[in-house]
Every structure is written in C-alpha cells, then in structure tokens.
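What follows is a pair of complexes built around chain A, which joins chain B in one and chain C in the other.
Presenting the complex of A and B:
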C-alpha cells in the first residue's frame, strides 16, 4: 500500500511540480528586485498556451528538429524515475543506474544540440558549441560527486546513493558531503542554464547558451522544450534536495511534504544566487566548472583517506 | 596647425557671414583639413551643399577643444570625383561616404566606400559603388568585409533584434568565440530630416528636431535654438537659459541611469537593473513636472522655453531629486562593489586613447578613454558660461570606464541642477527672436548626454535655411564600437554595445 502511494506521489510530482520551481525562482528574483513578479503559476499558463498553438517549421529542418524536444523530454522523465525523490526507493532502480542517469541527461543534450544544428542558423550552432563544451567539463564533476556518494553508501544505484542512508553519510563524513553538495549545486546551475553560467531571461542571442539553441522552436515543440527544461531542473534539484534534507521516513505523510518543502527551498536558493550575482564572462565559465570538479573530487579523495 | 589665411575662426553659437568662409582650391582644402587634424583639431562636421545645378561646395568645420574656437573653410567644384582625405584623416571616413551618397560623387582613394543610409542621391547621379543607378537601393544590401579561412564564420545580427530597440545590422567575422571584425550597417531609420529642414524654419522645424533622436530631445532642440538666437543676435532670457540647462542635465540623468541599469541587466545583475529602471522613470518624471512631457518635448523654443519653474515647483523638484539621488547612489554603488559585475566590466571592449583621438570620438565614450572633451567645458554657451560642470574622465577605455564616467556625470549633473534651482535668475522665460538674416553661417555645439551635438545652420539670400546640417554624437561613435569589438568575445558584444548606447535614428536622420 505504502509502495503504491509512493509510486503515485512520485509520478504525480514528477509530472506536475517542475513548472512550479520556475515560478518560485521568478518570485524570489522579483522579491529581490522589489517587484511583485509574475504569478507563481505563470509557467503552467505558458505551457498550456504553447501546447494550444500551431507549429511553424523551417524548410531547412528535418525530423531531427522535432526529435530534439521529444527525446530530451523523454530522457529527463526517465531520469526522474531513477531518483529516490523522498528517500524511498525509486520506481526504477538497479545497480549502476547512476551511470544511466548521467547519460540520459547527456542524451537529452545531444538531441537538443542536434536539433539546433539542424536549423543551420549561426546563432544556434554557436549555442550548441557552447553547451557541449561546458557539458564536457561538468560531467567529471557529476561523476566524482556520485562516486563519493557510492563509496559512502556502498551501493551503486541512485536509490542507495540518495536514499535513507544520506543521514548516516552526513554523520560519517560531513566534510565530503559539504563538498559534494557544493559541487552538485554548481552542476545544477550549469545543467539548467542558470546564472552565473547563462541568463535564462536575456533577450541577447549572442550571449545565450541554452536559450539560443531553441530559438527556432515554437508552439508545442517549444512547450516540450520548456517543460523538459523544467523537469530537468526538478530532477537535479531533487538530487541536491535529498542531500541537503536527508529525512528518512516510512510514512508518506511525512516524507512527501518534507520533499516538497526541500525542493521549494532549493528553488529559493537558486533565486537568491541569481539575484545577487552577475553572469560570468563566457571565458571564465570553464574555471568555475573546474572548481566544481575540484570540490567533488576532493570530497572523493577525503573519503579514500578516511577509510584506509 | 591652423593657418589663419585658410580658415575663418569663430566661436560656438557665433554667427559669421557666409561670404567670410574662405573658399580654397580642392587640393589646398584637403591639405588644410589634414594639417589641422594632424595638429590636434577635430572634424565637427564635413558636408556638401549644392552649388548651382552641377556643382558642389564642401564645408569643413574644425573644432579646437583647447581654445574653444571653431574654424571653417570651404571648397567648390563641379560634380565629379574629389580626393578622399580618409587615409590621412580617419575622422572624415563616414562624412565622405555621406557626401558620396548624397551627391553621387566619388571620394577618390576612400578605402571602404559604401552607402551610409541607402537613399537615392540628391542630384540623381549614380552613386560611386557597384550597382548604383541613383535610385534607392534596398537598405542593408551592400558589400561587407569578409574574412576567409578554416573555422572562420560569419554571424549576422539584425536589423530586427530580440529587444525593443531600433533596427541596425551587425556583421561579425568570428573565429570560434573571438571577433576578428565587426561591421555595422545602418540606414533603416532614415527619414530625410536634413532635406526637410532646408527652406525652414517653418512650423514643423522644431518638431523634426525634437524627434530627430527621441532620447536627446532637449539636446537637439537646444542646439537648434542656440543657432537661431545666434543668427538673429538675440539671447534667451537668463531664466530660460537656466531652465534649458536643468532640462539638459535631467535628460542626461535619465539616460545615464537607464544605461547603468541596462548594463547591469546585460550581465544578469538583477538588483541594479531593476532599481535603475524605476529610477530612470523618476528623472523622466521630473522633466514631465516641468513641461508635461517625460522627454522634454515642447519645452525648448527659439528665444527661451515655454514653461517656467516657479518657486513651489523648484522646491518639489529639489525634494524629488534628493530622493532620486539617494536611490541612484544605493543602486549604482552595488555595481562597483560586486566582483562578479566588475569581472564582466573591466577589460571588456577596451579602446585606447590614441584610437579614440584618431576616430574623433565624443561624449562619455571619449571621456572614458581619458580625453577631457566636453562641450560644456570646452565651448560653453548659455548657462554653462556662468555655471561650470567639471569634466568627468576615466582612463581605462573599457566598459567599466564608460559606466563609471556615467556615474561621475550623474553626480555632477545632480549638483548642477541643485545649484540652478537654488538661484534661478529672475525675469521672463521667452523672448521670441526676429526673422533670420540672410547669408549667415552658425555652428552650434551642445553636450548632449551621448556627447557632442553639432548643428551647422546656413541661411540663403532669402533668410531661409539653405542647409541645416545635424551631426549627432552617434555619427562619430558607431565606428568606435566596431573597433572596440576587435579581439573581444562575441558574447560580450551586447555589453559593449550597451556601454556606448548609440542612437540609430540620430545616425540615420
């Protein structure tokens, strides 16, 4: 029974909650700017509007152009099923699924970049080149962080890495956990094109990374892109939220509300970061990503030292 | 240096007889202009007027910032090729392209001759570039400089942009993220204002000038009114001059604060961006409190101003100004204190002082390169004769310098306005000038918020404008932006562009 409730809650939250995080980030930023800001549910209204629109396709594009948003959305959804959102076992889990998790995200990115190149626009090619360059640098940081968690938990699935054992990991190796959370938070920002890596609100094509790749998508395709991006934000935020609020409970009335609140806290945190800092110069982005690698790598090395 | 035999020398808003402008032989004229530019003078305006049916007369207006004097000379020749001065004096490159486009005559030896505004020539002659038949070519269809080679790619931006801004076309030659070269092609906003002003002044004249560059309404109308008053030998009453000065500085405040906010927005720095957007409105509202228009329309008129600032209004402006000053300071100081912002501003879009001098840059863009060039200081007229505004400069020539110079100027402008409000001269605010006298030439310079506004008015035998030449500061500075981008990252272009914030309509006229 409890497993059934957990499964339903997991799927429903994965499907419905992602746009809310964007709404919370926007509200947080508005509060910092002294504005009222867009309604909390505006991302939902936008998605409904986009899915009701028709589609205009450029004659230079092929099936790849529409495959981009579709595959990306599918990939991040499956990735969402691998993460134990509330600490309870995830719907999909097997030993080594964290590698699938990382490469599902990479698959989505690969197809987004392909769809961008498919348009033949110089802007989108530029964006694709930036996105894959930064992804190359973000991947080692993600893996080093997950490796550290794997060593702490002794398991190889995300359910083991992020499940009920996280609380114990904080007690056993707090310094490692701090470093890993820091590194993964940076990954969360770069993977979701947030400030200081990218500015999701900018209208300046020449400075964009992720946004410029989807300039040619419209209507339902753009809706799928935006929804996919929201789900990706949700999934990666869930990883960070699990590590920051490691509540383990058997009762759905406790662990699901705790999960929702911790997700909202992560969204507020992202909003605060975006409010108090400027975007990095594109040339300096690799430095920060290297910093993320160092953080998670150091966390892993600390662990090697303590266990020997 | 200036050879007194070859130039007539006068001051800002000081009329000279048209006949007193020395006419030189074309090659002598060219040598004199180049020698003057080599001696440190700037080309304020260089333009042609029709001479009979098949001739042209070129006027050069040279400015000496050190002595505050203006030197003029002209040359006349039948429509046809004339020697280009661009190779010896890069400042005139765009002026020569303008002359070639307007009259269909070729500046021989011009290194990069192409249309400026894409209009048919005034004379009906074909313009000296391939494919021209004297008719209007489609805007933006022209040759662009190309770099060939492995991994070199071209990025074209505009004329339609993602933001709500004016149209302009930018073409980058890139190697990866690095910009080799940027070429800017404008002309989309060409409305033919200069030709419409010919035969004036009339009822529409002042409105053309108010909307010539909408964000510089007070600057351009003040320059026009100074020209009219100078020609007729009249002066606006002292109270009107003070009100014009207040309006000019309010215009500077609104735009500078808006620019600082927009610069913060371009690097994604939310607090300053959000607050400056609102504070800009506060300054615009102060202008509206004076004349009912946030952009200063219907305020400045020949002979004075149409709206007075009475004592209660002066008090309320002073109080609101103090609030706005406090808000501006707290919003802008955040910029200089944030290392993430400074990391973007510093060393981005750097121009050296030598390049800025060679290109004849004006306004904050020039002052950010360490050049103390400010019409309010170098060529003071009106209220600036009596109340001085210190010149604000910075030496690094990067985006930071252009932002910081704006902040320094904001502080000076607030101080100036407060000083004026405290001691407004008594008396009327309007004394309409008489009809214009015939055969006069006057050069009127005003330091608009973007830099030096140069108007050259010439009346014919009937006392009507035979030529009214407008040089917006953007006309000098667009090329500075193109040069500042060389070797930069293409992703930094929007930031560099905003740090110049030039006018498309002021350039296109």
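Presenting the complex of A and C:
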C-alpha cells in the first residue's frame, strides 16, 4: 500500500511539479528586485498556450529537429524515475543506475544539440558547441560527486546513494558531504543553464547557450523543450534537495511534504544565487566548472584518506 | 571537536585552491590572511582547552599571519603598478590541476607515514603536506615578486599546520622563533620588492636573470 502511494506520488510530482520550480525562482528574483513578479503558475499557462499552437517547420530541417525535444523530454523523465525523490526506493532501480542517470541527461543534451545543428543556423551551432563544451567539464564533477556518495553509502544505485543513508553520511563525513553538495549545486546551475553560467532570460544570441539552441522551435515543440528543461531542473534539484534535507521516514504523510518543501527551498536558493550574482564571462565558465570538479574530487579524496 | 578541526582543514585546502586559481593579487592576500586566521585557531581547537601556550601561539599567529603581514603586503601593493598576476609560467587551470594532484598525493603519502601522536584529526598531516606543496607551486610558477612572497607565506602555513601536531612536544621558544623568522623574511622581501620596483619599474623577477652594468 505504502509502495503504491509512493509510486503514485513520485510520478505525479515528476509530471506536475517541475514548472512550479521555475515559477518559484522567478518569484524569488522578483522579490529581490522589489517587483511583484509573474504569478507562481505562469510557467503552466505558458506551456498550455504553447501546446495549443500550431508548428512552423523550416524547410532545411529533418525528423531530427522534432526528435530533439521529444527524446530530451523522455530522457529526463526516465532519469527522474531513477531518483529516490523522498528517500524511499525509486520506481526504477538497479546497481549502477547512477551511470544511466548521468548518460540519460547526456542523451537529452545530445539530441538538443543535434536538433540545433539540424536547423543549419550558425547561432544555434555556436550554442550547441558551448553547451557541449561545458557539459564535458561538468561531467567529471558529477561523477566524482556520485562516486563519493557511492563510497559513503556502499551501494551503486541512486536509491542507495540518495536514500535513507544520507543522514548517516552527514554524521560520518560532514566535510565530504558539504563539498559534494557544493559541487552538485554548481552542476545543477550549469546543467540547467542558470546564472552564473547562462541567463535564461537573455535574448542576445551571441551570449546565449541553452536558449539559442531552441530558437527555431515553436509551438508544441518549444513547449516540449521548456517542459523538458523544467523536468531536468526538477530532477537535479531533487538530487541536491535529498542531500541537503536527508529525511528518512516510512510514512508518506511525512516524507512527501518534506520533499516538496525542500524542493521549494532549493528553488528559492537558485533564485537567490541568480539575484546576487552576475553572469560570468564565457571564458571564466570553465574555471568555475573546474572548481566544481575540485570540490567533489576533494570530497572523494578525503573519504579515501580517512578510510585507509 | 575533531569534526570542527576537519572542517577547518578542509577550508584551508579550499583556500589553497582559490589561491592557485586566482589572478587578482589583492584577493590572494585576503585569502592568505583568512588562512592565517584559520591556522591561528587551529592550536586551540586541536589541543582541547586553552592553556597559556596555546593562547599565545594562537594570538601571535593570527596577529602576524592575518593582520600584520597582509597589511604590509597591501601597503606594498599601493606602491606597485600591478594588480594582477597576468602571465604565470604555467596557466591557472594547469596549476589548479597540479594543486589537485598535490593534494591527492599528500593524502596518499600521509596514509603511508607512520602515525605521529595523532592528536586532533587524521587530516592534519595531509593538509600540512598539501599546503606546503601548494606554496611550492605558487613560489615556482609565478613571476611577480609579491605573489612569490605569498607563496612563501602559504608554504610556511603548511609548516605551521605540521607544528600544531607537535605543539606539546615542541619548546615554546621554537614556535615563537618560527613566527619571528617568518616576520623577518617577509620584511626583507617587502624591502626587496620596493627596491626592485624603484630600480626597474617592474616587479617581474624574470628581469632579474639578465645582468646589467
């Protein structure tokens, strides 16, 4: 019974909650700027509007152009099924699934980049090249962080990495956990093209990364892109939220509300970071990513040092 | 208590990386000063309870490493025309990577060493070795004299961390002597920097390798 409730809550939250996070981030930024800001549910209205529109396709595009948003959306959805959102076992789990998790995100990125290249626009090619470059640098940081978690929990699936043992890991190796959470938070920002890596609101093609890749998408395809991006934000935020608020309980009445609140907190945190920081110069982005690698790598090394 | 020491040592390691990756000399000075404060608190945290010795070493270290020397360096900065280390011998990213390798290596090395009287935490020895190596990297790869002084300071910070481990066994005078040595060395270097900049209108030590009449 509890497993059933967990499954339903997991899928419902994964499907319905992502745009809310965007709304919370926008609202936080508005509060910092002293504005009222768009309604919390605005991202939902936008998506509904986009899905009702028709599509205009460029004559240079092929099937890849439409496959891009679709594959991306489903890849991040499946990745979301691997994460134990509330600390209870995830719907999909097996030993080593954190590698699948990382490469599902990479698959989504690959297809977004392909769709961008398919349009034949030079701007979109530039965006794709940047996105892929930064992803290359972000991947080692993600893996080192997950390795540290795997070492701490002794398991190889995300359910073990982020499940009930996280609280124990904080007690056993607090410095490592701080470093890993810091590194993964930077990954969260770069993977979702948030400030300081990319400004989701910018409309200057020369400086855009993620947004520039989807310039040619319109209507339902753009809706799928935006929804996929929101789900990706949700999935990676869930990883960070699990590590920051490691509540483990058997009762759905407790752990699901805790999860929702911790997700909203992460969204507010992202909003605060975006409000107080400026976008980095493109040349400085690799330095910050290298910093993320160092953070998670140092966390991992600390574990090796203390256990031997 | 041990986890607080661990956290401080991790902070020290992170500050090492920040110094390796930063090009602004002012922020490096602030970072080294911050490291000095952490190191000053270390003897008190490691040897639980505050005796007179710990207090004197602690206050002396903070005063010297975090206040006096950074202030002298800042004063030197106001006279110098440089604000940044622009062209180190190896780039910032490479030196960051070198720093990471050095940290990993010192973790491995410390695991192999016979354990010294393990007061405090297991991180003390590796953190000390990593900081010494970081100072060494800065000292050898940067060109500006002032950054080299900062490298020397970090090197000494590493030695200080090691000294914390032996605070019980080491005579008080030795500790104070080390701090005094450091002070004199920085003082001399400060004078040298000033002279270099006055004579050659540049503080790049590379220029010193060519002799002039």
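As a working rule, the second predicted complex is superposed on the first by the 308 of 308 C-alpha atoms of A that agree within 3 Å, B and C clash if a C-alpha of one lies under 4 Å from a C-alpha of the other, contacts with A are read in each partner's own complex, and residues count from 1 in each chain.
Quick note on the criterion: a residue touches a chain if its C-beta (ideal position, glycine included) is under 8 Å from a C-beta of that chain, and two chains touch if they have at least 3 such contacts.
Being a predicted model, the structure only gives us computed values, none of them experimental.
Engineer: Are chain B and chain C a fit on chain A, or do they clash, once the structures share the same frame?
Structural biologist: Verdict on chain A: chain B and chain C fit.
Engineer: With both complexes superposed on chain A, which partner does A:29 reach: first (chain B), second (chain C), both or neither?
Structural biologist: first
Engineer: Comparing chain C with chain B, which touches more residues belonging to chain A?
Structural biologist: Between chain B and chain C, B touches the greater number of residues in chain A.
Engineer: In degrees, to the nearest 10, note the angle that opens at the C-alpha centre of chain A toward the centres of chain B and chain C.
Structural biologist: Nearest-10 rounding gives 80 degrees.
Engineer: Which partner does A:278 contact after superposing on A: first (chain B), second (chain C), both, neither?
Structural biologist: The first partner, chain B, only.
Engineer: Which holds for A:123: it touches chain B only (first), chain C only (second), both, or neither?
Structural biologist: Only chain B is touched by A:123; chain C is not.
Engineer: Pick one for A:199: touches chain B only (first), chain C only (second), both, or neither.
Structural biologist: First partner only, chain B.
Engineer: Pick one for A:100: touches chain B only (first), chain C only (second), both, or neither.
Structural biologist: Neither chain B nor chain C is touched by A:100.
Engineer: Nearest approach of chain B to chain C by C-alpha atoms in the superposition, in Å, rounded to an integer.
Structural biologist: Nearest C-alpha atoms of the two chains are 11 Å apart.
Engineer: State which residues of chain A lie in both footprints, the one left by chain B and the one left by chain C.
Structural biologist: Touching chain B in the first complex and chain C in the second, no residue of chain A appears in both lists.
Engineer: In their complex, what parts of chain A are in touch with chain B?
Structural biologist: 29, 32-35, 122-123, 125-126, 129-130, 195-196, 199, 201-207, 274-284
Engineer: Contact residues on chain A for chain C in the complex?
Structural biologist: Residues 174-175, 178-179, 286-287, 290-291, 294-295, 297-298, 301-302, 304-306, 308 of chain A touch chain C in their complex.
Engineer: Under the definition above, what is the set of chain B residues touching chain A in their complex?
Structural biologist: Per the touch definition, chain B meets chain A at residues 153-157, 162-163, 176-177, 264, 266-271, 273-275, 278, 338, 340-341, 343-344, 348, 489-495.
Engineer: Okay, in this complex, where on chain C does chain A touch?
Structural biologist: Those residues of chain C that touch chain A are 3, 6-7, 10, 13-14, 17, 21, 92-93, 96-97, 100, 103-104, 107-108, 110-111, 122-123, 126.
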